[in-house]
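This is the structure I have questions about; it appears just below.
The letters A, B and C name the chains in turn, as written, and every chain counts its residues from 1.
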């Protein structure tokens, strides 16, 4: 049974369902359930649901230790940039311990944070920084763009035996959507085709999925039929679905809220350039944020970010085979 | 904690000797078999009493995490020294299949949940292991080993605060050898600069801070034992400052390929020109001191001591031979996806 | 009762406190009507500490703050019109609309910056203090932070180095007993921040942040020594955070009884009462201070509203220094 609930509730629901199902799941972080009235505290008690101080290195390092010792922690980090405070634990410890031990241990931990809150939260709270995490093998990355995926990917993240950066997009938290009740898992590494089409492949992540769909609507009115693909997870990345779409359409435009350099878009573009070259009828185009710190003032903030209009303009250029502006 | 009977005391001496003989052979490998050990090794010679005295307190189910100076812990726990040496030599039957090397030993089955190569970063992980122990409710205690250099790290501060707040069953054992690589602790630590013991820091975390002579395994056993008893009873963490002197340099030299690696002299000599400090430490070497003490108090017979010594040397010679003869892993083993992902 | 203040100083302090109070209340209104955008943290309740500390500093002294920085910036001399313009995202804003509430900088007046990551400002302050120490000047550095920052690793790393190198930095902790949405006892076993630094043995004091003359006096002592090159020092000011963590925070975590304390702990009310009682200001002057502040804020709002938004293209030109 599916019913409509907001994205943010879907995330919480997944955590609750998984905590019910598996007594080794533990949830803590800054401002997690400070009140004893909180439903999670009511359901699971203060041992398994804890509030912690502003101590990212300890919070994330403890998650590694908990995982090594057989538990499955979910750590609430609030904003992706706060992970940077404890970067060593995120990229140099959690994803590397299994390998360095020759496969003896595993680190099932979920690092949960929000990103992309381009609503005036300014330069240090707004980034889409997951591109850099793609460079650390062993670390999985999930970016849900719908409430159903928010639930299903969180469940998958908790059940995964590896460290996962599970990043919700703060612009989507109040979006409503159909979400199945009970246990619901969306497997990692399976992209979703959000809209079938034949003229161009539009790959988009997180909040830009909605922008890509809006662009596709506009373009449909001009006789351009866009296929919109949401990878859902960046690691593992479902390049097969993207490549088979490009084989059909011959054109690829990638939209991502992060910067152009060192971003998810660049990785996808390179994979398709290398493995899908024969299918391409036009150069691959990327619609990303500008390579700047996100500015505070609203018109500037809007200027640096991708949006439906910029995506549509880029698609038209790619189809017209006109040079795309650098 | 249990009283130390003769058998236990002799066991402690044996483990200290095993660690010493193992580390000597690691060091000798650089001279006798150059090129066999690559990268960076860090030896526990001088810290044996602190390591063994601490591990002697462990009950079944207790766990520990350590730093990159990690050989001593699995040796004392009973991990096969052949596989440890093979790991250091990068061979396929190494403890981690050659994947980790000297700094990343691990033996989860014996409670040794691993290390971090980054100063201080194992402390929060050990704190997490203690969190798990608390959840499990089976009276486990976790020992978190780190050096004095780590006590300046934010990770130390954050972990001790949390452990104290949540009364986690962890004993934080700071092996203070007064050096952080080539820097003396009074050059980098405000407490050391003021002539204070580093256990002073415990006051910021509402936990007891104890300084103990880390060259006396019985004193360490008593201090760590008391802290473990406290943790096991739900009393929360303790910070123990165990004062040791490492008898080797921080590690072998760091150099690019082509430059032969070796162990230089201790930084007291090479950086500070203080040979007397080093020689005094040699005179206080905990291993022969403990042997002499046990013989003097009648616990250990000299002939038995010699026998043990020979057995240990044979064991470590065998470890070296095994490791030298062990083949390297297949190169393709590096790409094992089931080691990248569980 | 804390010691007397010079009437001229008391007048200045009241003026600054009213300017902060009314500015913040106006910002709260503007936020509700979406004319101020984004994540805003107000200094209501912290005016006394900001004023008492910054009144004693010069433009060449450096001040660092955290995400709750408006009060500190105002007290350090940032012009209200350019601050308001910044919050309203205008080109005439003090950071040209690029930074916003949590990233204010007014280097002309020595306000070296607010930062958005709790505790991230502490090491920055050390850097400035180190240059002051190396140059042997009588300049000092002050860093404002909250009790929540004390549990972050940056804190002990900074305290250790500041102590070891004896830097002329004054750590001013506004302990309002709350970090984001949880109270101090869920963050630490130690109630008073001054007790957390006890192992480092440097001079520190805890004062009531609502008692402005007491804050002034305590800070003055540390400042004098810091100007002579000594340090570090910690001044813990026990304050009360009047509003939620951020504007729009529903504050489900607040104890209704605590709200009653506000009346007794409002630093502005207490300072006004004391100033009047001691005769440092007379009632007419007190009223005119408030009016003048209100006028200044309205002018700031008008200035901001009349200012254009930035040309979006400047966003790409300011990434790198030339």
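Here is the rule we use: a residue touches a chain if its C-beta (ideal position, glycine included) is under 8 Å from a C-beta of that chain, and two chains touch if they have at least 3 such contacts.
Predicted, not measured: the structure shown is a model, and the values here were computed from it.
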item	value
Chain pair, A-C or B-C, that carries the greater number of C-beta contacts	A-C
Per Cα centroids, the chain farthest from chain B	C
Mean-CA-position distance for chain B and chain A (Å)	40
Inter-chain centre distance, chain A versus chain C - centres from mean C-alpha coordinates, in Å	36
Averaged-CA centre spacing for the pair chain C and chain B, given as whole angstrom	46
Touching two or more other chains - residues of chain B	154-155, 158, 161, 165
Residues of chain C engaged with two or more neighbouring chains	151-153, 186-188
Shared-contact residues (touching 2 or more other chains) in chain A	52-53, 55-58
Sites on chain B touched by chain A in the complex	63, 65, 94-101, 104, 106, 108, 113-114, 116, 118, 121, 123-135, 154-155, 158-159, 161-162, 165-166, 336, 338-342
Chain C-touching residues of chain B, taken from the complex the two chains share	152-158, 161, 164-165, 188-191, 193-194, 196, 200-206
Residue numbers on chain C that touch chain A, as the complex places them	37-39, 86, 89-91, 93, 95-103, 115-120, 148-149, 151-153, 179-183, 186-188, 252-253, 309-310, 312-316, 318-319
Residues on chain A engaged by chain B in the complex (per definition of touch)	26, 47-48, 50, 52-53, 55-71, 73, 88-89, 92-93, 97-108, 137-138, 140, 161-162
In the complex, chain C residues that touch chain B	151-157, 159-160, 163-164, 186-190, 195-201
